[in-house]
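Below: a set of structures, written as C-alpha cells.
Presented sequentially are two complexes of chain A, the first with chain B as partner and the second with chain C.
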Partner chain A sequence: MEFKNVLLIMQKEVREALKNRWFIIYTVCFSILALLLLFFSYSREEILGVSGFGRTAASLINLVLLFVPLVSLVTGAISISNERENGTLFYLLSHPVERSEVFTGKFLGLLVSIWVSICLGFGLSGIVVGIKGGSLGASKYLLTTLLSLLLAVSLLSIGFIVSVLSKKAAKSIGISVFLWLFFLVFSDLGIMGTTIVMDLGIKPVFVLALLNPTEVFKIAAVLNMSPRFEVLGPVGVYALRSFGRDGTFYLLFSAMILWTVIPIVIGFLAFTLLKKE
Partner chain B sequence: MITVREVTKRFKDIKAVDCVSFNVKKGEAVALLGANGAGKSTLIKCILGLLSFEGEITLNGLNVEKSSKEAKSLIGYVPQEPVFYDMRALDILEFFGAIRGVDMGRIEEIVNLVGLREHILKQSSALSGGMKQRLSFAIALISNPPILVLDEPTSNLDAYARAEFLKLIRELKLQGKTVLFSSHRLDEVEFLADRVVVMKSGKVVMESKPNVLAETLGLKVRMYIKVPTPWIETATDILKREGFGAVTLNENTLLLEVTSREKTIPLKKLLFAEIPVEDLSIEEPSMERIMQEVQGDGI
Partner chain C sequence: MAASAASGGEALAKTLFVSPGGPFYSIQEAIKRAESGDTVVVRGGTYREHVVLDKTLKLIGEGRPVIDGEGRGTVVLIKAPRCTLKGFKITQTGSSLTTEDSAILLDSAEESTVEDNHLEDVLFGIYLKNSPRTLVRNNVVVGKKLDMPNRGDGIRLWYSSETRIENNFITQTRDLVIWFSSKTLIVGNTVEKGRYGLHYMYSNDNTFEDNVFRENLVGGFLMYSRDIRFYHNVFAHNQGLASGYGIGFKDLDNVVAEENLFVDNRVGLYLDNSPHLIDSWNEIRRNVIAFNDIGASLMPSIERNIFFENSFIENTEQIEVRGGGTLSGNRWYVNGRGNHWSDYVGYDDNGDGIGDIPYLAESLFESIIDKYPNLRVFIFSPVSQAIEFASKTFPVMKPEPKVVDKYPLVKPIIPDIFKARKGGFSGSFLTVSIILVAFPLGFYTYLIRYGRRRSGYR
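Moving on to the complex of A and B:
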C-alpha cells in the first residue's frame, strides 16, 4: 500500500464531503442543537445549581445517539456503492492504485469529515462552557467526545461493509437506514422481548447489549457521566457489581474498539477480495 | 506487449469471455470487434485487472492480477462513457497526474495536446461529451504510458473531433505506442488497426487484417455500372451468363455483387463485348453488414 495514494484519495474525499450540502446541513444542525442543549442545560443549572461540562455532555449523548449513527451509516453505505454505480470507482481502479489504497483513502477521508463535524459540535459547546467558567467534568466531556468519535468509526465501518456488498446506492442507503433503526429502536425492543419470552437472566442481557455498538456507547457514556449505578438499570448494576466501575468501563471501551476494528477488517477484506466492478 | 492467454470470465453460469487468446505486439494497433454482449468490455476490464478471471493476461511480461499496480501503470485507458468526480477538469487532471506521479509541466503539455485549454477550469459536469472524452484522453496520456486501451473512444465525438482524435491516436501509434481498442466503425478500424480480433458470444471467432475483413467474412462489394440505355439488356444478359447476379436498377444502371478480387472482371467482360461503360461506383460492405455477419450464424 502506497501512502501517497491513500493521502490523495483521502484529500479528495474530504474535499467532496465539505462540498456536499447534506453533510454541511448535518454539521450545522449538530452544532446548533449542541449549542441549544447547552443553553437549556445552563438554564436548568441556574435553577438546580448543577454546572459545567458534565451536564452538557449528558445532553449531547442523546444527540450523538440520534445523529452520529445515522450520518456515519449512510455516509459509509453510499461511499463505495455510489461510485460503483456511477462508474467513477471503475475508472479510479483502472489507474495504478490498489484496492486497499482506495478503501483506506475513502474510509479515512470520510472519517475525518465526520470527526470534524462531531468535534465542531462538541468543540463549540466546550468553548462556550469554558468561557462561562465551568470546568467541572472536563475530562468526562472529553471522554464522551472520544466515545462519540469511536461510535462514528464503528458505524462508518459497518456502512462500508454494506456499501462494498451492494451494487446499487439506493439499496445500500435502504439497508443503512434499516440498520440505524435496528440499532437504535428494534435492538432495545428485541432485547426486552427476548428477555421476557426466554426469561433471560441479567448476564445474557448484558452480553446482548454488547452486540449493539450504539448500546455499548450509551452504557459507556452514561457510566462515564453518572456517579450512581442505578441510572444504568439492572444490567448496569449487574455489570458494575461483577466487574467494578473501572472494569465495566474498560470492558465497554474494549467492546467499542472491537466494534470499530472488526467491521473495518471485514469491509477491507470484502473490498480487496471481491472484485465487483 | 499484451498477451491474453486462454482467458475465461464467468458470471455465475454465463461465460462472458470464453477461452480467449491473442497477442498485441509492441507498436501494433489491434481492434476488438463484436456486437454488444460479445465480451469486448468484459475482456477490457480483465486486461485492466478489474475483474478476476481464469487464464492469464500479461502486459510487457507483468501479470495483471499478480502485479496489478505495475501493470496498470503501463496503460492509458479511455472509457466509452467517461465519468469523473464533480471537480474542475484541472483538479481531475492533477488528481490522476499525482496518482501517476507526473508534474504540473506535463499537465500543461497534455492540456494543449488534446485541446482542452479553454475548458480546463470548468466543472466536469459542465463539460460536453466531446470535452469529457478529451479529458479522459488527456488523463490516459498524462504519464505517457506505452499501452493505450480505448473502449469505443470516439462514440461521443462529432465528425471533426473524431477525425482529429483518430489522427492523434495514429500519430501516437507511429511513435511506438501499442493500441488495443474496441469500435463499431469500420472506417476507424481500417484507419487505425493493423489487425482485427472479432468476438462473438465471448469467443474470438476470427482474426484478420482490417482491409480484408469483409472478404474474409465472405461479404461482397456492390458495383453500380452505368451503361447507355440501349445496351442495358445486353449488358445484363452478358453478366448473368458469366455468373454474376446482375440486377437492372433503372434504364441505365446495373447492380451486381462481387468479391473484392473480382471487381475488374465484369468491366472486362463488358468492354470485351464492346459495351460502353459510362460510370462506375463501388460500395464496400458497411459496418452494419459486417456486424450482421459477425452476429449471424455464419461464423
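Moving on to the complex of A and C:
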C-alpha cells in the first residue's frame, strides 16, 4: 500500500464531496442547529445564573445522534456501490493502484469530509458561545466533539460494509437507512420490550445497550456532560459501582473503538478479498 | 477591647488575662480563679488543653488563640448557662463517635453564645445538648477527613429549642442536625460536602431561610416533624448516590416552602409519606426547580400537597411518580394560578400569563421508566422521542397523566435573589472552538490542494 496513492484517492473523494454539495449542506445544517441549541441554553442561563445538565445539553446529544449516523451511514453506503454502478470503480481499479489503497483512500477521504463538517459545526457554534459566555465546560465540549467523531467513524465503516456487499446503490441506501432506524429506534425498542416482558436485570440491559454503537455514544456523552451516573438510573449506578468513574469511561471508549475497528476490518477484507466485480 | 466593654457592663465583674507571657498561662487556670460573671480574655498563642467552662463566664479570644485538643476527646465543654465563647480557633478533637468528641459541647448551657470561632479537624463541631435559647453565629466548621460513616455533625442540637444558628460555614462534616427542638431559626448558613446539609428529627415549629446547601449527599432531609417553614434557600449540586435530594420530606406535616432554588440535584424535591396527618397540607410555592435529573419525586400514595407558582425548568424528568401512577390527590394550582413548566407546549391567546390549555405530564416514556427504572439507561435516546410520538399518534397508548395543571404559567417566576449573573466571555471555550474550526479547515484545504504545485494542476 503506497501512501501517495491513498492520499490521491482521498483527495479525489474530498473534492467530489465538495462538488456534490452534500458536504456543504450537511455542515451548514449541523452548524445552524448546534448554534441554535447552544444559544437557547445560553438564554436560559441568563435567567438563572446557574445551570446543570438540562434538556438543552440532551438536545445537543440528540442532534448528534440523529445527524451523524444518518450522514455517515448513507455516505458510506453509496461510496463504493455508486461507483460500481457507474462503472467508475472499474476505471479506478484499472489504474496501477491496489484494492487496499482504493478502500483506504475512499474511507479516509469520506471520513475527513465528515469529520471536518462535525468539527466546523461544533467549532462555529462554540465560538459564539465562547464570546457570549456559557456554563458548559470547554473540556466537556471537546470530549463531546471527540465522541461524535468516533461515532462517525463507526457508522461510516458500517456503511462501507453495506456498500461493498450490495451491487446497486439504491439497495445500499435502503439498507443503510434501515440500519439507521435500527440502531436509533428498533434495537432500543427491542431491548425495552424484552426487559419488560422477560424482566431482565440490570446487567443484561447494560450489556445489550453496549451492543449498539449509537447507544454507547449516548451513554458516554451523557455521562460526560452530567456529573451523576444516576441520570441513567440503576444501570448507571451499576456501572459506577462495578467499574468506577474512569473505568466506565474506559469501557465505553473501548466499546466505541471496537465498534470502529471491527467494521473497518470486515469492510476492508470484503473489498480486497471478494473479487466478484 | 471586648474585655473592657464587658467589664464596664457589670461593676463587680473582673477581667482575667491569659497569654503565653502570663499572668495566666492556661485557660483552665484562669477559669478556676474566675467567678461567675467574669470575663476571661485569651491572647494569641496555642493552648494544648481541654477546657471545661463550669461557671457563667465570657471566654474571649483576641488574635485568634488556638485551643488544640491533640486528638483526644471534647476540646471545650461549657456546662454553665449564659456563657460566651468567642474568637477562638479550636482544632484536633478526638475521633470517637461513641463519646461524641466535639470541638465545642454545650451541656445544659442555655442562653449561651458561640460566636466567631474557627473549628478545624473536628469530629463534631458545635454540639448543643439541653441548651435552649443559644446563639451560634459566624463560626466556621471544617470536619476531619473521614469517610462519611465515621464523621460527626457540624452542628448538632439536642433538646435546644429557640436556638438561633446564623451565618455559619460548615464543610466536610456529617449533618447540621436538629433533634427534639422547636422554634429554632437557621439563617444565612452555608453547609457543604456533608451528608445531610440540614436534618430535622422530631422538631416541630421551625424556620430556616437564606441558607445554601450544596454538594452534600442530600441538601436537607426533614423528618418526623411538623410546622416547618423555609424561604430563600439554595439547594444545589446535592448528588448522593441513590439519594441526591435537594430536599427530602419524610413524614413531614404543615410545611410552607417558598422561593427556594433547587438546582442541579439528582432529585429537586423528594416527598415520602408527607403530609402524613390526615388533616394536614403542605404548601410549596414560588420555588425554582431547575436542571435536576428529576424535578420532584413523589409516591403515588401521596396526597394533600399544594404546588403552585413554582417554576419547573429543564429538569430531565419534571415529576416522577415512583413505581408509576398519578398524583391526583395533590393540587397543582390555586386560584387559577398553576406552575411554570418549561416543557409546556400550549399557548396563551388572551395574554393573561396563564396557558389556555392544561399542562399534562403524560409522557409514555416517563411512565415506562418510572415503572421499569432499569430502562432509564435509554433516556435521551431517539427511542424515547419515538415512543412519545407513538403515544401522541395513537392515543390508545397514552398513559394517564401524572399531573394535570389547568392553569400553567407561561413565564417562569424567578425571585430577584436568584436572578442572573450574566455569563461572561469564556477564553478556554473560545480557544477550543477556534481549534475545532481552524485545524480541520487547514487540513482540508491542504488535502484539496495536495499535489497541485508539483504535478502542475491542469
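Quick note on the criterion: the second predicted complex is superposed on the first by the 263 of 277 C-alpha atoms of A that agree within 3 Å, B and C clash if a C-alpha of one lies under 4 Å from a C-alpha of the other, contacts with A are read in each partner's own complex, and residues count from 1 in each chain.
What we mean here is this: a residue touches a chain if its C-beta (ideal position, glycine included) is under 8 Å from a C-beta of that chain, and two chains touch if they have at least 3 such contacts.
Predicted model, so just to flag it, every value in this text is computed and none were measured.
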Ask   = Looking at the combined model built on chain A, do chain B and chain C fit side by side or clash?
value = fit
Task = Kindly classify A:F178 by the partners it touches after superposition: chain B alone (first), chain C alone (second), both, or neither?
result = neither
Key: Which partner, chain B or chain C, touches more chain A residues   = C
Task = Classify the contacts of A:P96 with the two partner chains as first (chain B alone), second (chain C alone), both, or neither.
result = first
Query = Regarding the shared-chain residue A:E16, is it in contact with chain B (first), chain C (second), both, or neither?
reply = first
Query = Looking at the overlay, what does A:W115 touch: chain B (first), chain C (second), both, or neither?
reply = second
Ask   = Which of the two partners, first being chain B and second being chain C, lies in contact with A:N5: first, second, both, or neither?
value = first
Message = Contacts for A:T88 in the overlay, against chain B (first) and chain C (second): which applies, first, second, both or neither?
response = first
Note = Rounded to the nearest 10 degrees, the Cα-centre angle chain B-chain A-chain C in the superposed arrangement comes to 180
Request  = Applying the touch criterion given at the start, work out whether A:I196 contacts chain B, chain C, both or neither, answering first, second, both or neither.
outcome  = second
Inquiry  = Between chain B and chain C, once the two complexes are placed on the common chain, what is the minimum CA to CA distance in Å?
reply    = 5
Touching both chain B and chain C, residues of chain A = 8, 15
Ask   = Which of the residues in chain A come into contact with chain B in the complex?
value = 4-5, 8, 12, 15-16, 19, 86-88, 90-91, 93-98, 275, 277
Request  = Using the touch definition up top, name the residues of chain A that touch chain C in the complex.
outcome  = 7-8, 10-11, 14-15, 18, 42, 44-56, 58, 61-62, 65-66, 112-113, 115-116, 119-120, 122-127, 129-139, 141-142, 145, 184-185, 188-189, 191-192, 195-196, 200-202, 205-206, 209, 214-215, 218-219, 222, 226-237, 240
Query = If you look only at chain C, which of its residues touch chain A in the complex?
reply = 236-237, 239, 241-242, 244, 261, 263-264, 266, 288, 290-293, 313-316, 342-343, 368-369, 372-383, 385-387, 412, 414, 418-441, 443-444, 447-448, 450-451
Remark   = Note: in the complex, chain B contacts chain A through residues 45, 48, 50-52, 68-70, 72-73, 75, 77, 79, 81-87, 95-96, 98-100
